[in-house]
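What follows is subunit A paired twice: with subunit B in the first complex and subunit C in the second.
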Partner chain A sequence: MTALPEGLEQSFTVAAGELGMACAAWLFVENVAREAGDAGVGALRDALGRPFPVLDAVAAQWLAGARALNTDPSRLLAAVEGSAGLVVVGLEAFFLDVLVARLPPDTRCALLCHSPFDVDWERVLSNYGGRVEPVNLESFQAWAGPRSVLLTFAYGVGGHSANVLPAWVRATGEDVRTQFRALMAWDVLPAPMFVYPRWLVEVDAASFTHLFQA
Partner chain B sequence: MSAPEALLAFILLASLLLQAALPSRRLVVVTTGAALAALASALLGTATAPQLLADVPWDVIVILVSLGLLTQLFVESRVFGVLAVWATRWSQAQPRRVLVLFAVGMYVVSGLVNNLTALLLVLPILLILFKLLGVRQRYVSWTLALVLVACNLGGAATPIGDFPAILLLGRGAMSFEMYLVRALPTTLVALIVLLVLVMMGVRPERQLQQHPISARLTLATMGALYRNVRVEKGKLLPAAGWLGVMLIAWVVVPLESGVTADLVAWLGAAGALVMVGTLGERIIRAHVDVEATFFLLSLFVMVGAVKRSGLFTHVASWLQGLPIPPLAQLCVFLVAAGLLTGLFSAGPSMAALLEVAERLAVQHPPEAVYVGLALSVCAGSSLFLTAATAGPLAQALTERADLRDPDGAVIRFGFLEFLPAGLMSFCVIQCVALAWGTWASL
Partner chain C sequence: MPPRPPHERHVPSSAISSFIEPERVEALLAPWLPDAQDRAFVVRCMLGEGPAHHRGANYVLLTLLGRVLEHLPPLDSVPAPMGEPIEVPMRLPPHLAKASEPKSYPLRLPSQPLEQLAPRGSRPFEAMVDCLTDGPPQHALSNVAMVTLLTEILSRLERGGRT
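Coming up: the complex of A and B.
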């Protein structure tokens, strides 16, 4: 069996906090595969799969032959066209990078600074050169309006349900839902979860006005 | 010792000990101490409050505030984050290289900006690296301690790096270039000796499992965390340009011209802030270090009160009257300076000891006394975690990071964890200070 370094759990939480669980998982899986091949990915799944179910699913995808993350935002961009504001709940850095790069200049973008992990939000936001503004659970409703959209990342949509970060449930109470034009989800993990989806909560897929598959 | 001398010295010492023991209330402690010192001086007839305030070296405070504002502009440019990422890449995520590069990097950075800012910018990146590398207690203790000591050495290397050197510059005790050409090589020697001793003797990375996958993941993750972070040239260029102008002015403009070191700093900071528009206004409103300014003001009042009582003159006379050769007197002074700094920290020690140093500088070459004193203060600052300017900040940031070793045990960085490196650093830097004092006196 391939030997992995000690202390990987701590290093994965660093990456998951500031890149997002799916992006961090892809980063880890790709780099372990380069160094130790599929055997290494298998060992990584054994070591970190249970505490980090998104990584478990990504490793399974890799072992099943998937080799690249699909971050194409075209369908999402079409849906947010004409919006004045986009509030993103949750972070998946590589997805957000391409989305922000292609957003129309007159669409403002905000990121809800809330995470189950330790995050240096200033560092996260400095990757967007001032294009993404920080908001928190108390202030994000200032962005509400008929031309504003709420977006989150979903993990493993299956049947009628989807897994999202708990912050989404806190942000989208009944009072908030009607204040935004649309509540969208971008499924960044089009694969089933094999272990209990720790860190995430299950919501009804029909609660989104739009749900896009990566 | 006369009654005024004893009472005012007691107020100064009690305030300094109390502020060291209660860092969370240090401003209240020193403010109260300064008020009591002013009251005692007035009642004992040694000085009035206006006289004590007139004795405050305002030029030093102007230099500190100006450099702090300029530093904030560097911070806004994100240059330090980008440099730290480069350091990570150069290190190839090898623990030995990480230690050396971050120590040397901190030495360079803290020569130009204040120690707290330097640490606040670099330490979070180092802590992230620790998490990614999967390190152990011993490695963390030695690496953080060496980074702190390098911070102290960098601060002592240039006349604008830290308070003790700024005090020398502000008082005109030494010119900019006179200090720089003497302190830079000596602090560099101390840093090199220390690094060689640690890398060859202690070898903090000895217990670490160095795995190619770990190095690869560390580099890939750090690259991803800073994937689009760029230096903002619109902020960096005014800051760097004006700092360059200030450095040139400090070297070439003669003091007799009336354009003093504090005026150069004031003009330089103002020039840089004017060039960045509204950001300049925001920096002045939000980033003047009120805590440090108020602390130093109170300190200067207390030291000024003791000075006016005549105690420092008596101490200097006592030192000069010791039945030992003059060179030995200087060595006694330097070692005492180091130990007192270990107890009281750099700012208070330097402010008080400079009064004695001025007397010794009549008998010895001024550069032997002043540079020796700056190095001794640096040695004392490196002795205990509580004495290092940025020590408590490093402790707080490390605790907040919740670092764990590969077995899940919490990694700490406190007084005891710092102590072995602190003792070694004190010995090395104090020896360099003594060697410098001896050599420059011959």
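Coming up: the complex of A and C.
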């Protein structure tokens, strides 16, 4: 059996918090594959797949032949055109990086600083040079308005449901849903979950006004 | 299926969502909401959010008002004068409402028909505005959409009566 370094679970937890579960999973899978090939990816999946179902799904995608994330934000950018504010719920750094880089300068962007992991939000936000502003569950509604959009990342859309971070459910109550022009999801894991999707919650896919597949 | 007695009339919510055609109401409101994203937002608030029976009732009432409009010859300029439109406020939580800029929905309440009921600026007028624009958005925006259509209907009827 392929030996993996000690402390992978701890390091993945840090990476998942500050990069997002899907981006951290791709980073780990790519690096393990480089060092130990598919056998290493299989071992990684066995070791961390149950506690981190997104990593499990990404490893399964890799073993099925997938080799790259599709972070193209073009369709999403077209949908947010004309927006004054974009509030992002959840973090997937590779996706957010390309989105923020191409966001029109007159569209303000905020990140809801809420995560199932411990996150150094100051460090995360420093990557965006002030372009992304921090908000929390108490303050994000100040961004509401007829030109404002809420966006989250989805982790697999199957049938009529999608997996999202718990923060999305807490943020999008009945009061909030009618205060933002659009409620969008960007599916960063176009693959079925094989294990129980812990850390995530299932919502009705029809509850989004827009759903984009990576 | 035989009709049910009134007290046993509840139907599954899927039966309600199946008769709602949002695009029909979007088309109806296009003269007052020319921006497609504004239109989709307002129509979602009225027909896609809140309790199912409100969504269905909003759809039926708006569509019937649309049917009335279809039977009235259009004015030279559509939409009809609305008077001085009144904003429909977005109700933010108290701790944010004072700190941030006031937000409003894209659809505004026509003052013109209300001025037929009470002088603008009078207490009854202000109370009518409050009644029509308060409450959850599926109520407030539907009230405003209906007053908007009624404004157009009344204008067409008045024009028809004069010619």
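Here, the second predicted complex is superposed on the first by the 214 of 214 C-alpha atoms of A that agree within 3 Å, B and C clash if a C-alpha of one lies under 4 Å from a C-alpha of the other, contacts with A are read in each partner's own complex, and residues count from 1 in each chain.
Throughout what follows, a contact is a pair of C-beta atoms (placed from the backbone, for glycine too) under 8 Å apart; a residue touches a chain by one contact, two chains touch by 3 or more.
All figures in this text were calculated on a predicted structure; none of them were measured in a lab.
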| said: A:174 in the overlay: touching subunit B, subunit C, both, or neither? Say first, second, both or neither. | reply: second
| message | Is A:182 touching anything from subunit B or subunit C once the two structures are fitted on A? First, second, both or neither. | response | second
| task | Go through the superposed model and pick first if A:145 touches only subunit B, second if only subunit C, both, or neither. | result | second
| request: Check the residue A:128 against both partner chains and state whether it touches subunit B (first), subunit C (second), both, or neither. | output: first
| request: Answer with first, second, both or neither: which of subunit B and subunit C does A:34 touch in the superposed model? | output: first
| task | Going by the touch definition up top, name the partner, subunit B or subunit C, that contacts more of subunit A. | result | B
| message | According to the stated criteria, A:63 is in contact with first (subunit B), second (subunit C), both, or neither; which is it? | response | neither
| message | By the touch definition at the top of the document, which applies to A:119: first (subunit B), second (subunit C), both, or neither? | response | neither
| query | So, does A:8 touch the first partner subunit B, the second partner subunit C, both, or neither? | reply | first
| subunit A residues touching subunit C - in the complex, by the definition given at the top | 82, 138-139, 141-142, 144-146, 174-175, 177-179, 181-182, 209
| query | Within the complex, which stretch of subunit A touches subunit B? | reply | 3-8, 10-11, 13-15, 18-19, 23-24, 27-28, 30-32, 34-36, 40, 93, 97, 118, 120, 123, 126-129
| Which residues, counting only subunit C, touch subunit A once they are in their complex? | 37-38, 40-41, 44-45, 49-50, 90-93, 95-96, 99-100, 103-106, 136-138
| field | Touch list for subunit B against partner subunit A, complex | value | 78, 81, 124, 128, 131-135, 209, 211-214, 216-218, 220-221, 224-230, 401-402, 404-407
